[in-house]
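You will see subunit A twice below: alongside subunit B first, and alongside subunit C after that.
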Partner chain A sequence: MGPFLLRRLAALIPTFFGITLISFAVLHLAPGQPVGTMTDLNVKVSMEARQRRIAEFHLDQPLHKQYGLWLKKTLIGDFGDSWNDGRPVLEKIGEAIPITVGINLLALAGILGLGIPIGLFGAARENSGWDHLLTGGVLIGFALPTFWIALLALDFFGVRLGWVPVSGLNSLEADRFGFLAFWGDRLHHLLLPVGVTIFGGLAGISRYVRSQAAQTLRQDYIRTARAKGLPESRVLFRHAFRNALLPLITILGLSIPGLIGGSVILETIFAIPGMGRLFFDAVFMRDQPVVMGILILGAILTLLGNLLADIAYAAADPRIRYGGGS
Partner chain B sequence: MLTIENLRTVIAADPPVRAVDGVSLMIPAGKTTALVGESGCGKTMLALSLTRLFPKSASIQSGRILFRNRELTALPESELRRIRGGGIAYIFQDPMSALNPVLSIGFQLQEAIDLHRERAAGSPPAPADLLRQVRIADPERRLLQYSHQLSGGERQRVMIAMALAGRPELLVADEPTSALDVSTQAELFDLLTDLKSQRGMALLLITHDLRAVARRADRIAVMYAGRIVEWGESKRVLAQPSHPYTQALLRCLPPVGRGKQTPAAIPGSVPDLAQIPAGCPFHPRCPEAFEKCRSAEPKLRPLPSQPTQQVSCWARETTP
Partner chain C sequence: MSRPPRSGFRSLRPLFLPPLLLLLSSAGPVSAGTAPIGGPIPGDLLVTALIGEPATLVPVLAADSPSHEICALVFNGLVRYGRGLMLEGDLAQRWEIEEEGRLIRFYLKRGVLWQDGAPFTAEDVLFTYRQYVNPNVPSPYGGDFKSVTSVTAPDPYTVEVRYAEPFAPALDSWAKWIMPKHLLEGQDLLTTPFKSRPVGTGPFRLKEWRRGQRITLTANPTHHAGRPYLNGIVFRIIPDQSTIFLELQAGGIDSGSLTPLQYARMTGTRHFEAAFRKYHYPSLGYTYLGTNLRDPRFADHRVRQAINLAIDKQEIIDGVLFGLGEISTGPFPKKSWAFDPEVQPAAFDPKRAGELLTEAGWIDGDGDGIREKDGRPFRFTILTNQGNLARKLAAQIIVRRLREVGISAKIRFLEWATFIDEYINKRRFEAVVLGWGLSWDPDPYDIWHSSKQGPGEFNFIGYANPEADRLIEAGRREMNREKRAEIYRRLHRLLYNDQPVCFLYVADGLPVLSRRFRDIELSPFGGISELLQWYVPETEQKYRWVP
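Presenting the complex of A and B:
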């Protein structure tokens, strides 16, 4: 396991630098000047002030020098300040990330908690009425655009029925609430965005689990388990589902970076100040430190997610753990 | 000990596949019965039908299976489960895929032992002892390993050990050596025969390799198109095959030693079990076929000259 881990870690380093280089280059290919939002729309800003800003951000330097300067700062952990409002990048990300990660974790838990049982049930009772009803139902959530479901849900549950608040993370007077009341209020506000995210993501997981489990149930070793005289429930849970859920580890690993990337559309509809909005705004402002900060975080998490999936796989499947082959 | 009467197993399809089509067979206790026939003649489906291990699309249409004075086709799933492993145990063709890849050998053995713990008298067998009985070296270490760390022959031995865990009265071995090399095949056949004698269990050996069963089987049943076409003591069936299909099968074997005969293929091919020819199903390939064979189906009857040998062929019936 030790050398395996070291090899994997070493392989991550060049990938990481590649990602930063490409992100940096693409950001500079985009038209428009980062200082534009501060200077073009403000007649009081003089040409000299504009030049000062450009020099301050090193925008007068050639691109490779800019990348070098940026890399030097980043490698010592200095992500810089936003070019837009001057606040530290890490502080801005730090405000948005718990919100988005919280929503995404709730949604992921819901998707797995509902999707895996739906998929396994579908495989165990393949082509039964319930199977068709469930797999058909989740497909609706997959086929319809999220923003449309979000708007319909907002109108129905928020406006017509008045069950849930329609926007924001908390009620206006939430500051005066006690601890429990505050988080209860928060959950109440998140019900709709999380619910819509779950509905949209359910089909992918449940159909994947269903096809994997159905395939596993046709394996010879399932017949062996039945031939031993095992009850059907133990055949399903001990012999079939464990094998069927192995590939899910990859999917979960790949979904880790997705946890910090908020949905721009949903965060806009529900007025949630999360990562999606932060990134979206930063790109439009050409706010390089914020954009690069979020991209690096995403890159690190993506690479770590892959690594975690590999490790989890090795832990779950003896064929990988021992180097495979007989 | 096990008696099959007029069993029909059909796989739902369009048209339906009559995989087992009116089979009657007696499997005596403590003896080896070989079930031979070409691929696709319904051998495996017959074996799986005994405890309804076949896929969901298959079902038993008619017939009876008598085992331990019980009628298996009438038993509900929950009671049939006790028969599986405990009364009738199986080993399958491909030991690579027949063992669960993510559970250790020890776990899979222990599971089988625990299932049948309360049924049989005496203390339950230890997993390592079972492995020793199937002649696996270093059993304690093997228990901690997984199927991918074993050779093909060892995997099949583990399957046999697992089958022994329930102390069955009948062991069904479905092409147990087809996926293995020749020297391993002989070892496994010898092992199965020895275990059969030691434990006094019956062995149903399914194979397409007549030569492999020649010395080891007590009885031979020849299957063709979902039917038993010949049945009898193996020495007699091999020495004096009666059914034209059995004769053709024996001619397919390459002669050993100085024989001058070249093996002869059977003309034509195994009929599609969804479209079995009318009359005797073998008549399109049969050198002795005459008018009656095309219209009426012969029944399994004792040979007039040799009542212990049964054959279903119009050409062998003495017409008065």
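Presenting the complex of A and C:
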């Protein structure tokens, strides 16, 4: 395990630099000057003002020099300031990440909590009426565009019934509430965005679990288990499902970088200041420090997620052993 | 689709101020709603939507519209626009213009306090001016002070500004917000904490900025014109237009600006009408079809006339804006003194358009429905930016109408930064659908003067007419309002005859406001000063807590 880990870690370094180099280059290939969106077609903005911005951001330097300058700062942990509002990139990301991660964790819990039982149920009662109903339900959630579901849900639950607030993270007077009331208010506000995310995400997990479990149930050892007279519940829970759920580890590992990625569409509709909007706005404003900051974070988390998934696999499945002789 | 009644309310919207704060206008003051016995009382909050997060609240750097919305309430200029597009004193009590416009002397109001209690003096004005012209401060607005030769303060309440030559828009440039010297001197304006904790002289002070969520302003008790009745204004950051509309219906916000579709089709419910007052008025800006005048096809005056006659502007207004707009005839707002009311939009006349094209040598020789000249068919591409539904639909209607007179146009949508940098700035376009927002002063130098065709400058269509240049230059030098107006009216007529661009429409601003707000005095430009008078009768006050 030790040498394996070291080799994997070493391989991460060139991958990481490759990612930053490609991201940086692609960002510069995109047409449009970063200084532009703030000042373009504003009659009051003079040419001199624009030239000053270009010099200030080193945009008049050749690309490799710009990358060098950027890399030097980034390696010592200085992600720079946003070109749009001059605030430190880390501060901006630091504000958005807890919100997005919070929502994503709630949504992930919901998706697993509902998706796995739905999948297992479908496998155990394959092709029953309930199976078809649930499958149909989750596929509808998957197929409908999120923005449309979100707006319909807002109109119905938020405006017509008035059960939930329409947008934002808290009520205006939430600061006067106590601790519990404050977070209760926050959850109340997040009910719809999280609910819509869960509805859209159920299909993936539940269908995956269902097919895995169904396959497992056709294995010889299950037949053996049944043949020796074990009760059906024991067959399902003890023998079949444990094995069927193993591949979920990979999926969870892969979803780690996804935790910091917010949905632009949902965040815009529900007025949530999360990572999706931060990134989206930064791209449109060609706000290079913010874009690169988020990309790096994403790259690190993706690489770590993969690594963790590999390690978890090794720990969970005794047949999988890395390195050494097999 | 019937046109909503105009009810006499009209107003122009300044370049950056939100529709909300400048709700409306009329010839004279109009009191909406009835004042209860006892008159206005303090209390309640106005909760409204902000489409994005402000970038910086340092006035000299504020370039985006959310920043301007907040700054407008926190800061004051020396002068401001009052009724009838006339400049009136704000931080200045009065002013004198001498030496044929080469000297402006401002007499400042005494007893004005910054929101931290420090007195406002001429030193603050001098400091602010130095920031605008400081080459190390990347202010977008330094250009306005280019012709200033000196700014001095003979005493703490007098400011003298000297110009190299008479500059008519000079007074207008002193409507810029004044910044406090004692808080900003020696600071880097790009990184100063002031940019998120501004201190001004205005009617509201910034209480809290919850990033990405809301900005809360509270009434400034030491405001020189008196404390506003409202306890505060909460700007909730809501980037989506549909959500703003849903929040209005759910009571989450008290005012907001609607799209033409929402305004025309979705606000007719009894519930909505009972809760909100709807307004509409021409916005300060226009949308146009511009062609590249360096292209010999569009350099021909007859071709430009033909395009103007071939496009039915009313059809665009009815179809795209649901009737909520007006035909544009030139670069000045209709309510401006620079606007010539005698300029009437040419009637839709495809027959005459065809004749003009034939006259210009464009004839459909091969019978495919597209005119040719020298064997080359008349085809071109119209570019416009993504994400602007009205421009997109207008372009589609234009394409169909041009096809009817034998011109084949295609449309291409481009992301904004790409559009400007790769196509506009590099002059790689045949035609564009774009809009210009206008400022208060009518000086059109940057957009129409032939010298403004350099890289990144705004006469990118390449308009060059010596007569227009002469009028534009004369308008800048003329200090007499009547004479200046006459110059601009001639320019207006000249531009409409010349058709450097095809002027399409002026869209309406479409704000709605909760009916519980009273004494909404509606003046052509006000807004900020008017907001001071807004109040809510005690029985209708909704937010009883003070932020």
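Operating definition for what follows: the second predicted complex is superposed on the first by the 304 of 326 C-alpha atoms of A that agree within 3 Å, B and C clash if a C-alpha of one lies under 4 Å from a C-alpha of the other, contacts with A are read in each partner's own complex, and residues count from 1 in each chain.
In this section, a residue touches a chain if its C-beta (ideal position, glycine included) is under 8 Å from a C-beta of that chain, and two chains touch if they have at least 3 such contacts.
Quick caveat, the model's predicted, so the values are computed rather than measured.
In the superposed pair of complexes, A:243 makes contact with subunit B only, with no contact to subunit C. When the two complexes are overlaid on their common chain A, residue A:220 makes contact with subunit B while staying clear of subunit C. Annotation for subunit A, partner touching more residues between subunit B and subunit C: C.
In the superposition on chain A, no contact is made by A:161 with either subunit B or subunit C. Once chain A of one complex is fitted onto chain A of the other, the partner contacts of A:228 are limited to subunit B, with no touch recorded for subunit C. The contact surfaces that subunit B and subunit C form on subunit A in the two complexes do not overlap at any residue. Put simply, subunit C touches subunit A in their complex at residues 45, 47, 52-56, 63-64, 135, 138-144, 190-191, 195, 211-214, 234, 236-240, 242-243, 246-247, 249-250, 252, 415-418, 420-422, 424, 434, 436, 439, 446-447, 454-458, 543, 545. Residues 219-221, 223-232, 238-239, 242-243, 246, 316-319, 322, 324-326 of subunit A are the ones touching subunit B in the complex. On the side of subunit B, the complex with subunit A involves touching residues 51, 53, 77, 81-86, 89-90, 92, 94, 97-104, 111-112, 115-116, 146, 148-151, 159, 162, 165-166. Contact residues on subunit A toward subunit C in their complex (touch as defined above): 30-33, 36-50, 52-53, 56, 81, 84-86, 95-96, 151, 154-155, 158-159, 162, 165-170, 172-173, 176, 268-273, 277, 281, 284-286.
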